[in-house]
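You will see two complexes here that share subunit A, one where it goes with subunit B and one where it goes with subunit C.
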Partner chain A sequence: MKARVKNVALQALLLAAVGGLLIAAVANAGANLAARGIPTSFAFLDHVAGFGINQSLIPYSPLSSYARALLAGLLNTLLVSALAALFATLIGFAAGFARLSGHWALSKLAALYVETVRNIPLLLQLLFWYVAILAPLPGPADSLSLPGVLLNNRGLNLPAPNFAPGAAFVAAAFLAGAALAYWRRRSGGRRSMATTALLLFGPALATFFVFGRPIGLDFPVYDAAVNRFNVEGGLRLPPEITALVLALSLYTGSYIAEIVRAGVNSVPRGQSEAAAALGLKPAQARKWVILPQAMRIVTPPLISQYLALTKNSSLAAFIGFADLMQVSGTILNQTGAAVQVIALDMVIYLALSLATLGLLRLYERRFHWGAAR
Partner chain B sequence: MSPAPYLRESFASPSAAPEARSDFLALWRNNLFGDVKSGLITALIAALAAFALPPLWRFLIADAVWSAPDGALCRAPGAGACWAYIRAKTPFFLYGAYPREFYWRVDLTFACAALLIVWLLWPGARAKGAAAIGFFVALPLAGFALLHGAPWLGLPVVGTNLWGGVMVSLLAALVGIVVALPGGVVLALGRRSNLPVARWLSAGLIEFVRGVPLIAVLFMANTMLPLFLPPDWAPDRLLRPLAGIALFASAYMAEVVRAGLNAVPSGQTEGAQALGLGRVATLRLVVLPQALGAVVPGIVNNFIALFKDTTLVAIVGIFDFLHTVDTARLDPVWAGPTIAATGYAFAALFYLAFCLAMSLYSQNVEKRIGGGGRH
Partner chain C sequence: MRKHVPKTPRLVFPVCLAVCLALLASVARAENTLDVVRGRGVLVCGVNTGLAGFGLPDDRGLWRGFDIDYCRAVAAAIFDDPGKVKFVPLSGKDRFTALQSGEVDLLSRNTTWTQSREAGQGLLFTGINYFDGQGFLARKKLGLDSASKLSGASICVQQGTTSELNLADYFRKSGFRAETVVFSTADEAIKAYDSGRCDAFTTDGSALYVQRMKTTSPDDHEVLPEIISKEPFAPVVRQGDDRWFNLVKWTHFALLDAEELGVTSANVEQLRKSDNPEIRRLLGVEGDFGAGLGLPADWVVRIVRAVGNYGEIFERNLGADSPLKIPRGLNAQWRQGGLHYAPPVR
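Let's look at the complex of A and B:
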């Protein structure tokens, strides 16, 4: 009884202290905001932004509203994060397995990559790629080129798919084929690779030729007669996106490599020995025995790396790429509405975090459920 | 009775004994050129090294300019890294615009900090309690008096607008760790408390700070701290990001400490209670020493991450080490095509050396904990 009274009293005291601080802060903020003539509602979101955004996935002009600027920034954040997450996963798994390989030079090379990149601040790497590597590149006329790829100080130019009328039918046929193949594999029976491939690609290929090849590749070309100042055609990733994706994927890749290594090492040695005893080749043992068990351990930290990557993409603000944080900073400077802008940012990032955590919980539940089955 | 049809009637002939592997060279040959695939990989890596190492060697060592009065030599075509520039700018990289005659104040502060850290981390050192009090109480007070100045002690005030370079980076990391260790312990204990209010408040704060990027926390500290405090307090421009870093570090530290607390078996608490220890004494004498001891590698890794993250204070205009390097390259006396790369290479070497040393220490502790009779 006495303990309970003490507990309640303690909590009341804690609440009173925190509440008191909050009330004092709000009172101060009210006075400070009024003194500086700063807006205190979210109404400013509808006002004209007045600044440009160099790269936007949605139609945006300086005449658009602040809310639209924030949306463009959020989409840029998501775009860069998705691209970087894809490459980081590829790099990370490759480096992780390379570090585990019995080949001395290969494993040392992977170790060199991981230990170097993990121990240098991401911002330094980003500035290095952006300022020291991409900025001094030659102009469009003297682009560095690989087949189909042009790299110059205006960015990285990649081949892009182009769609003629009829492309939608090909896409629909591909989706139908994929559904058919999936259904067939789920429903059991003989699962030959050839049939699956035929089901998967057959309808799409047939439609592709019936509609006169509506999907093609558009290659970037520099032709001084057409455009003296830049490469035409293809998909152009500006240097900001290129540097950001490069730095983020190399940095996160080094963390993923360590996660993969730890995951594979956590599978007991007896498993690979048993696989060898059953006559599986090393590659088969990796695919059927080691990886499925390692993935259970790898996936949760992998997902938190994706989350960290999304948060790290806010470093875009340092190289002037209009991601959510950079747009917010501009709005903050223009309107002074610090509380609202930062509250919005926090809500958006927290929503992304919670969505990711939800995904993690779902995975854990599914994994437990799968194990019980 | 005839044997089952699937049983062999005679022994299979034994396969050849594996090649003798005593020879050191043969071992290497086998590893690097054992079969076609590993031979190919070796050749690829050798090609990569042959492609990448000579230019790197030429840029960093052979063609580098080691001493020059200004950037003219470094701007010559074909010149490599401009180490002369690093040499000329070293005071700026280390101390920012801190007055030259007071460098000793900075040196003294960080020498004390280094001494206390070594004392705290040295395995088996004595009187760690005194070291802890020195680090968490005396050092911040003395450091403030030394760095900022204390007119009543005869130390003139040096405004934070003059601070910069490695000094600010180390300061940010130190402030982070000095606040985050106690702060993290309090938050972690709060999150495990049986008082619901304490639990919600701690968990809310931890998840909130961990859910947003550090840049957002820095923006928040920079713009909202002056709004939420009384107008005449006007927190210093360096103090604001430091407060943000301290908050950020505490939230991450709390999760590390929580892992440590979870690793202490509940029998320890029960045993302490059976001996008649109170709640606070149980925590102080039994649970926390074991919990913190178990997560020393985690704490060090957290510190490495924090040190790398201090580079982000540049977003609110603070001149940390990386920001001074990034600004110095615009100096017209030195500006040239190789200056940016030189500066970044130097900064990378600095961070690499610092972080690698820390991570070697943490791996060392991990091994010691792992081998220390726990298993």
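Let's look at the complex of A and C:
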């Protein structure tokens, strides 16, 4: 009992010391910054940024505020991380199972991929893909083209939907139709596909024509008379984002492949033998017997990979992609508010990591993986 | 304290750390850069990561360039030895943080003097040592005769520079739209331009000529005639140490005064016997003008002996004696139609 009191007291003391140190450090930094005439507040976030961002998911111009620039950077980071996480998972699971398969060539190919890619620094791969994508592609004037799609060294140009006034009514009509169809199926009406389709698309189509076709496609066009330098119109996927997603997915995928292999190997062989004895085909055994047990082991290291991927996306600045780190680097340089900007970045990355963690924990709990023990 | 917790060495560490940090913090407050530099025996100078003519290590690893010579001039004034400099290469983005945090004593890195950098970031620019302006590099085969025809183009630029801001301003003013692709270093920006990612590359006029040499075939590229901004370069110090600010500022003025009075590295020793009162004061033969800066009377002799006067530094690194062959232009002395006009040493 006495030992326990002492233990608690000591821990409290330690916490107080660390907390005191932290407060002292913040106060000291604030005083030193103020003494040197360096800004100490976050007021700069409202000021005009003045620099351009070439790829933004939200409307952004050099007249926007620093806060908006940060938000544009954050959204770019999120976009790249989400895309790369998706592709890395697909690549990783495919390569992991390929490596385990009895097919000799497939297994060796997967091993070659894993061992090559995960042993080369990510930055090097990133620069490689950027050059590899840029070098062979022609300029905008000589774009490679498919109907509606143009590919050149400024990016992949796709048709983009454009919305005229009235588009909102079409969307509303579609939602109403969908709700109607759903309600009809729920209330146990006759399940005819034709009726469902009519309910689903009928109102939307009617509104579409009544409002004079407010939703259309905006095709990318190269016309030297309009803009001799670049393709105009449509939606552009710049080479920076492509290189970044490619490098991150391949790199993280190689780690995920190994995690999957380890997870599957950790399921006792008796399980697949038992599945075979029950008459399950190998694919069925994988899906119903092996994978659910393997996932329990795979999920925690998988989470670490997603977290690492998000953080690795900050290498974007090297190939000119405006992610959170790149944008905040510029802001830091312009405002001199180094401590504030870095602190903001740290908080944002921490929040991103915690959110990822939370999502995957939810997923784990939902499927009772890890909870069974 | 020790009496109450004799068996807890775990606690000693954080407490020690707290005390040490507190001590460290109080030391950092009382700043006297000159004493710190003297005590250390070497000047720490923040320079470009690699820009020919301004700051670049040669094939033997020796730093050379216009900005490098300014660091050497300050070291010569303090130690009478231009070799006592440690060069810290800094990217455009990191340079101010390095200076603010005390990692470098002096930033001599083709840095543009702006109001917000000085008033808003706790810095002081010591005096313009190079008058520059921003321009564009584009492919000759585009046949552009003016930057005003770049509407709709993609333009590569380095991050954390005034170039990035000027570019946005220029297009805003002219009502153009252009895609800016921002890279963390000038090297990556010029590489991307060279590979066709951009139609033009933009930076300070002096650096355009240097960067053009890095493209696969420099003759295919041309510098467009427009100068879209004022880029006055100056060495930078932290605020709060007036003595150090004066020392760096007057090292710059001394280099200019030496050129104006015809004092060169070749004749500085014999000019000490000169009858010209201005030269006698500059070289410390009459009066002691170094004392106010914390330097000996012959401080200018030390500087000029080590690196020459402003004109010598310019010609050696950027002008006729260099591969860049940049004309003096605005960087000539005021008597020659340039803008350099240094206050007198008296």
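Please note the rule applied: the second predicted complex is superposed on the first by the 228 of 373 C-alpha atoms of A that agree within 3 Å, B and C clash if a C-alpha of one lies under 4 Å from a C-alpha of the other, contacts with A are read in each partner's own complex, and residues count from 1 in each chain.
As a working rule, a contact is a pair of C-beta atoms (placed from the backbone, for glycine too) under 8 Å apart; a residue touches a chain by one contact, two chains touch by 3 or more.
Just so it is clear, the structure is predicted and the values come from calculations on it, not from any experiment.
Residue contacts after overlaying the shared chain place A:L122 against subunit B, while subunit C stays out of touching range.
Of the two partner chains, subunit C is the only one touched by A:E240; subunit B is not.
Shared-chain residue A:H103: touches subunit B; no touch with subunit C.
When both complexes are overlaid on chain A, the residue A:V131 reaches subunit B and subunit C alike.
Of the two partner chains placed by the overlay, subunit B and subunit C both lie in contact with A:A35.
In the superposition on chain A, A:F318 makes contact with both subunit B and subunit C. In the superposed pair of complexes, A:Y349 makes contact with subunit B only, with no contact to subunit C.
In the superposition on chain A, contact of A:V18 is made with both subunit B and subunit C.
By the document's definition of touching, both partners, subunit B and subunit C, reach A:A338.
Where the contact sets of subunit A with subunit B and with subunit C meet, they give residues 10, 14, 18, 25, 28, 32-33, 35, 131, 317-318, 329, 332, 338. Subunit B contributes residues 28, 31-32, 38, 41-42, 45-46, 48, 194-198, 201, 207-208, 210-216, 219-220, 223-224, 226-231, 304, 308-309, 311-312, 314-315, 322, 326, 337, 340-341, 344, 347-348, 351-352, 355-356, 359 to its touches with subunit A in the complex.
By the touch criterion stated above, subunit A contacts subunit B in their complex at residues 7, 10-11, 14-15, 18, 25-26, 28-29, 31-33, 35, 102-106, 109, 115-116, 118-124, 127-128, 131-132, 136, 311-312, 314-315, 317-318, 325, 328-329, 332, 338-339, 342, 345-346, 349-350, 353-354.
Subunit C contributes residues 5, 8, 10-11, 14-15, 17-18, 21-22, 25, 28-29, 92-93, 96-97, 100, 116-117, 119-123, 142, 150-154, 156, 159-160, 164-165, 167-169, 171-172, 178-184, 188-189, 192, 195-197, 199, 238-240 to its touches with subunit A in the complex.
On the side of subunit A, the complex with subunit C involves touching residues 10, 13-14, 17-18, 20-21, 24-25, 28, 32-33, 35-39, 50-54, 62-63, 130-131, 134-135, 137, 139, 153-154, 226-230, 232, 239-240, 317-320, 322, 326, 329-330, 332-336, 338.
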